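Heads up: the structure comes next, in C-alpha cells.
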Amino acid sequence: MAVTSARTSDRTMPPGLTRDQLLELYYYMRLTRSLEERLVNLYRQTKVVGGLFRSLGQEADAVGSAYALERSKGDILSPLIRNLGSMLVQGATPVEILRQYMAKGDSPTRGRELNIHFGDTVRGFIGQISHLGDMVPVMAGVTLSFKLRGQDRVGLVYVGDGATSTGAFHEGINFAAVQRCPLVVIVENNGYAYSTPTSKQTACASFKDKALGYGIPGVRADGNDVVATYQVTKEAVDRARAGEGVTLIELTTYRRKGHAEHDNQSYVPPGEIDRWARENDPLDRYTRELTTGQGIASSELEELDGRVRGEVDRATDEAEASPAPEPRDALRGVYADPAEVPALWYREGIRSAVETHERPSSWGTHDG
Amino acid sequence: MAVTSARTSDRTMPPGLTRDQLLELYYYMRLTRSLEERLVNLYRQTKVVGGLFRSLGQEADAVGSAYALERSKGDILSPLIRNLGSMLVQGATPVEILRQYMAKGDSPTRGRELNIHFGDTVRGFIGQISHLGDMVPVMAGVTLSFKLRGQDRVGLVYVGDGATSTGAFHEGINFAAVQRCPLVVIVENNGYAYSTPTSKQTACASFKDKALGYGIPGVRADGNDVVATYQVTKEAVDRARAGEGVTLIELTTYRRKGHAEHDNQSYVPPGEIDRWARENDPLDRYTRELTTGQGIASSELEELDGRVRGEVDRATDEAEASPAPEPRDALRGVYADPAEVPALWYREGIRSAVETHERPSSWGTHDG
Amino acid sequence: MAETTYLEAIRQALFEEMERDPDVLCLGEDIGVYGGAFKVTDGLQARFGESRVIDTPLSEAAIVGAAAGAAHMGMRPVCEMQFIDFISCAYDMLTNYVATARYRAFLPCPMVVRGPSGGYVRGGPFHSQNPEAAFLHTPGLKIVYPATASDAKGLLKAAIRDEDCVLFFEHKYLYRRIKEELPPGDHVVPIGKARLAREGRDLSIITYAATVWKALEAAEQLEREGNLSVEVLDLRSLLPMDDDAIAQTVRKTNRVLIVHEDTVTGGVAGEISARINDLAFEWLDAPIKRVGAHDVPLPYAPQLEDFVLPQTADIVKAARWLAEY
Amino acid sequence: MAETTYLEAIRQALFEEMERDPDVLCLGEDIGVYGGAFKVTDGLQARFGESRVIDTPLSEAAIVGAAAGAAHMGMRPVCEMQFIDFISCAYDMLTNYVATARYRAFLPCPMVVRGPSGGYVRGGPFHSQNPEAAFLHTPGLKIVYPATASDAKGLLKAAIRDEDCVLFFEHKYLYRRIKEELPPGDHVVPIGKARLAREGRDLSIITYAATVWKALEAAEQLEREGNLSVEVLDLRSLLPMDDDAIAQTVRKTNRVLIVHEDTVTGGVAGEISARINDLAFEWLDAPIKRVGAHDVPLPYAPQLEDFVLPQTADIVKAARWLAEY
C-alpha cells in the first residue's frame, strides 16, 4: 500500500491510531469507492459479466473492521459481497477485483467465480460462496484450527442482516461460541436484504441482542464511522486473541444502492436514500473528521484521491488487456487427483456459443 | 379420559385449576409413567421393535405444558420423543402407543414409523420426524395458517436443549416471530442431548436468553413442577391466542434414563441421577402437593393408579393381539395419485427374511 | 392473440390459481413488494395482499417447513427459491419431512417449490444449478421442468392442484427468450406425461428444460445438412417419468440420445438409460448415449461456461455418431 | 491372527491415522466421552484428548462447515454423522461449499464425512437411508461405501489421506455382523478401484455395500441350485467409479444385474447402467436389469422393511430371469 510511505510522524492520534493509519483508513475507503465507480463504468460498457454489487455508503464499516486485524499475525477474514473494502485492506489489489468482475483468465479464480468471490489464505481472506450464512461455520473451523494449534491468530466473518436468518449462521456462531474460537462475527446491518427491510427479517430490536443467546458479548456501533468501527472491532479482536472467544458486533449502516446494479429500489421509502447520502456518507464524515478534528489538510486528502485514481486507471488498463480464460482450463482442478477431467466424447475445441460481451438479458432480474 | 367422570366439585384451586383438573394432571403423569414401564417390560421381551425412549422424570413438563392448550379450540402441538405425556393429554391412547412401539399393522402409522412418531390433526398433535429442529418451521406454518385464516387456535412445539443448536430451530422460530404466529416454543432442557451436556451444546447461561434475539418474550420455569409448567405455558398460550405472537419457554428438567434404553449413561457424574430421583421426581412432588397442599386423600390417587394399571393392561392385551402389517401395504400411499406403487418385477409375495421378533444386534448402539 | 413469455406464463398460472382457490398462498424472499428477483410474482401482492403473498426472512428451510405446516392445514403454499440453487438449504426439510408426510403420517402436503434454475446465463457456480437429480431418489416428491411457456403455465397449475409436493424447476434462460400463444381458458397440463416436441424416424433425443431447444435446433440442422429425421421427446415431468412415451420413441427410432444440462455423471440421464434398458432393450440398434455438462462445478466466464455446458453443436455431433453407428 | 469386525476395522483406521498424522481430528455428536452412538470412536478421546476428538453441538451444517475451515488450514477433519440420514442437514454445505472449494478458490479441503448408513435394521425411514445417489452429480466429492472389514479400514485410511472431501458410508448392518482377518501393516485401499468379490462366467452382479453379501449369497445359491456361475463386482467407490472393472466384467459375462439397497428410481444403478451402455453395449446379450428397494420411504415394521428392501431371493430370481434371457 502506497500511503504508508507518506509517513511523517508517529504521534498517536486520539483513537489510538497514528496519523498514517488514519490516512490509510481514508485511502482504503476512497479506493473502495473509486474502484466501484470504475466498475459501474465498465458495467455500463458491458465489460462486467453478470451483476454488480455496490457498497456505496458502507465503505467505513468494511474498512474499519478489517483494519482491526493484524495481517502480520496471519489473521483471516471472510468478506461479503459488500466488503470490497475489507479485502483491499487485507491486500487484494484493484486489478484482481477488475479481472474477477470481467471474468478474465488471469483473474484470481481464472474466471471461475464472480465478483469478489475469491480469497487468499496467505494474505488473509477467504472468498464467500453465494449461499449466505455458510461462511460462519467455515470461519468457526478456520479459527478452531487457530485455537487447536495454539496460534496467535484471529478470524473475522461478516454476515448481513438478512443472512442472520439462515440456519448456517446460527449453527456456526453457536459452534464457535461453545468452542471459544477466536472469532469476531460482524452483522452488517444495512437496513435491507435485497428488498426486505429488517423489520421483516427479524422481530428483534437489535442484532446485537442475538449475542446473549449464544452466551457471548454483543456490541453495536456506528458502521458509518470508520474509527468507531475500527475500535469496536479491535476490542473484539483483542478479546479473541486473548482466548476469550467470540464477539458479535452489529454495525449499523445503510445500503444506498440497490441489491445489485439492476435493482431500482422502488421499495425504499422516498427520501431515505437521499437523507443517508446527505447526512451520513462515511467518506464525507471522515473527511470532515480528518480535516477539522485532526487538522489534516484537504490537499493531502486530494493527493490521496489522485493516487487512487491513478491506481484504478492503471488497474483498469491492465485488466482490460487481460486474456479471456482458455476453455479447457474449465476441466482442471476439481480434484487434486485426478488433476483434470477428460473432455466429453463429442467435443473438440468448440468455439464460444455466445459472444463474450453479450450480457444475457435474463441475468439478475428483468430488463424491462 | 376417565378422570373427568370423577368430577365432584368445581371449586377453583389456588393455581387456577379445578380439583378435577388437578387430578387429571396426576392421571396423565401416572399414565405416562406406567405406560413407559410397561414398554420396558415389552422391550425386554423383545416385543418392542427398535429403541425405547423414556421420559422418566420429565412427565410433569410434558403433561403440564400440553394441558395448557385447548383441544376444543383445535390447538395443535408437536411433541418430541420424550413427550409421550403431551400426546396422551391430546388424546393419544395407550393402545396406539403400544402398537406403534410394536410395529403393528393397526398402529396409527400401520407400522411405518417408530415409537411416538405419529399424529392426528383432529385430536391436535403432529408427529415429529427424527431430524431434530424440523418441527419448528413446520409448526410455524401450522400456526401461520391459523393466523391467516383468523382462527382462534394456538400451536405448541417442543425442542430439546440439543435441538436448539439446529439451523431449523433458528429459522423456524425467527420466521414465526416475524410473522407473529400464535406459537409457543418450549425448550425442554433436560441437561443432556444423548451424552452431550448442555455446557457443550451452548455457551448461553439459559435457553430463555435466546428469546431476546428473536424479539420475543423468554421465560423459564421448573419443568418438574406440573402446575408451574401449566401456568407458564398457559400464559404463553393466552398471549398467542390474543395475537401477541411467539413465546419461548425454557422448562428445566432432568433425563433420568439414558438417551434410549440401551444407553448406560456412563457419562453422567456419579450421584446425579439418584439425586434427581430422590429429590425431584415430578410424580412424588405432585403427590405430596396434592395430598398435603390440596388435601386430596392418598386413596384417591391410588384409585387413579389402579385405573391406569387397568387401562395399560387392557391396552397391552389389545396391542399384543394386533396383527402384523401386511407387507404389500408398504406400497400404498406415497402419493395421493398414484395411490399405490407397483411391486418390483422380481417380487412375488416373499416372506419376511428376518424373524419378526429378532432385534438386530446393531440397532441403536453396541450390544456388548 | 398475443404471445406470452415463459415467465409471464408462470405469473399467469400463479394469478389464476390464486384467483381460483383462496387457499393458495405464496412464500419467498422478496416476492411481495419487489415482485421477486426475476419479477415472476410481480403484482401478486398488490392483487392478493400481504397475507397471501409473504415476504419471508432469508430462510429456505423455514420457507419450506412453514409451507408444509400450512399445507397440512389445507392451504396450498407455493414457495419461491430466489434461485433454485438455494433449495439445497431446504434439502433435509424436503426429502425427509415433506416427501414422507403422506406415507408415514397420512398428512397431506400439497405444495409447490419453484424457482429459477439452470445455466447459460453467466450465473456462476451458485446461480446456475440444475438440482433435479438430487431429488430423484426421493419417493413422495414430484418433479417437473417445463421447456415451453404453455407447459410452464399448464404444469404449474397442475402442480398447485396436486395433492402432493411438486418441485417446479423454471429455466431462467427461457424466462424471456421464448414466447408463444397460450391455449385459452383453464389450461392444465397433466404431470407425468411427456410431449413429443418433434417427430422423426432415425433417432430420438430424450431431453427436458432448456436443452429441448438445443435439441430442436440440432434436429433442424441435422435434417437440413444430413437428411436425418430426428424425434425430440420433451419429458416435462421427471418424477413420475413417462415410460410409455419413452418406450414408444425408442421402439420407433431404435437410437437414443439423452440430453440434459446437468453434469453427465449422476444426472437424470442415468435413470432414463436404465429405464430404456428395461422397456426396450431389444429395440436398440446402438448404445444409448448421453450429452450433458462436463463433470465440474459450473464456471462463470462465458468461455468456460460454454465449454462446460452442452451446446447444439455437441448434440449434432453426438447424433451423427449415433446415426452412423 | 484374530478376526476383526467391520466396525472395529473402522475404529482401527481412525486410531492409526490419528497416530500417524497429528493434523487428523474427529468432530461429531457424542463421539468423545461416549464414543459415538455405535461406539465407532470408542476410546479415541481417551487416547487423543478433547481437542482432537470433539463433541460438537447438534449441528450437522456446522460440523461440516467447521471441518472445511479447519481443512483449509491444513488439518484433516473426520466428521461423524450420528446417522448418515442427518447428512441431509449439511447438504448445502457439502455440495456447494466443500465440493467446489478447490475448483473455485484453490482451497484444499481434505476431509471425511462418515456415518452409519443403510437399512435391514428396523431403523425406520430416518435411520436407514442410503443417500449416496444424492451426491453423485456433485463434482468435487468422492464417495466410497465399503462392504468388507478390510475395505472399510483400507478405504477409510485412503479417505483420510485424500486431498479432497470423501463421503464415507458405513453400513450399520455390517458393523458387527461381518469380520475377517485384516491385512497386516499400513493397509490402504485405493479409492476408485472395484473389487472382484467372486469370479463367474454366466452373469455379473454389480453392487456395493450390504447387498454385496446378498449378491454373494444369491451367487452361491445359483451355483448350487442352477449350476449358474455368477460374478460379483463390489464397486467400493462410487465416485470415481471403476469403469475398467465394470467393462471387464460385462465383456466377460455379457449379462448384468445391478443391485443396490437404495430405491430403484434415482439410485446409483441408473448411472452404472448408462456407463455400461457407453462401455460395452455390443457385449450385452440381455438388458441390464436393476434390483433395488421399492420406491417408497423405508418403513419400520420388519414385515414392511423386508418387503421394501431387496432380498437375496430377489437377486436369485432376477438373475435366473437374466440367465434365461
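Letters A, B, C and D name the chains as they come in the text, with residue numbers starting at 1 for each one.
To be clear about the criterion, a contact is a pair of C-beta atoms (placed from the backbone, for glycine too) under 8 Å apart; a residue touches a chain by one contact, two chains touch by 3 or more.
Keep in mind the model is a prediction, meaning the values are calculated, not measured.
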Look at all chain centres (mean of CA atoms) and spot the one farthest from the centre of subunit A. B
Chain pair showing more contacts of the two, B-C and B-D: B-D
CA centre of subunit A versus CA centre of subunit B: separation in Å? 46
Cα centre of subunit A to Cα centre of subunit D, whole Å, reads 40
Let me have the rounded angstrom distance from the C-alpha centre of subunit B over to the C-alpha centre of subunit D, please. 35
Would you please write down the residue numbers of subunit B that are in contact with two or more other chains? 109, 112-113, 117, 129-131, 165-168, 171, 174-175, 178, 200-202, 334, 341
Which subunit C residues sit where two or more other chains touch them? 56-57, 59, 61-62, 85-86, 88-89, 92, 96, 100, 103-104, 125-126, 139-140, 295-297, 299
Counting only contacts in the complex, subunit C reaches subunit A at residues 29-30, 33-34, 37-39, 42, 55-59, 61-62, 82-83, 85-86, 88-89, 120-127, 172-173, 175-177, 264, 291-292, 294-297, 299-304, 306-308, 311-314, 317-318, 321
Report the residues of subunit A in contact with subunit D in the complex, numbered from low to high. 109, 112-113, 117-119, 121, 126-127, 129-131, 134, 136-146, 148, 167-168, 171-172, 174-175, 178-179, 333-338, 341
Within the complex, which stretch of subunit B touches subunit A? 165-171, 174-175, 177-178, 180, 200-205, 209-216, 245
List the residues on subunit D that touch subunit A in their complex, please. 25, 51-52, 54, 56-57, 59-75, 77, 92-93, 96-97, 100, 102-108, 139-140, 142, 162-164, 240
Mind pulling up the subunit A residues that touch subunit C in the complex? 49-50, 103-105, 109, 111-114, 117, 129-132, 162-163, 165-168, 193-196, 200-202, 266-267, 324-331, 334, 341, 343-347, 350, 352-356, 358-368
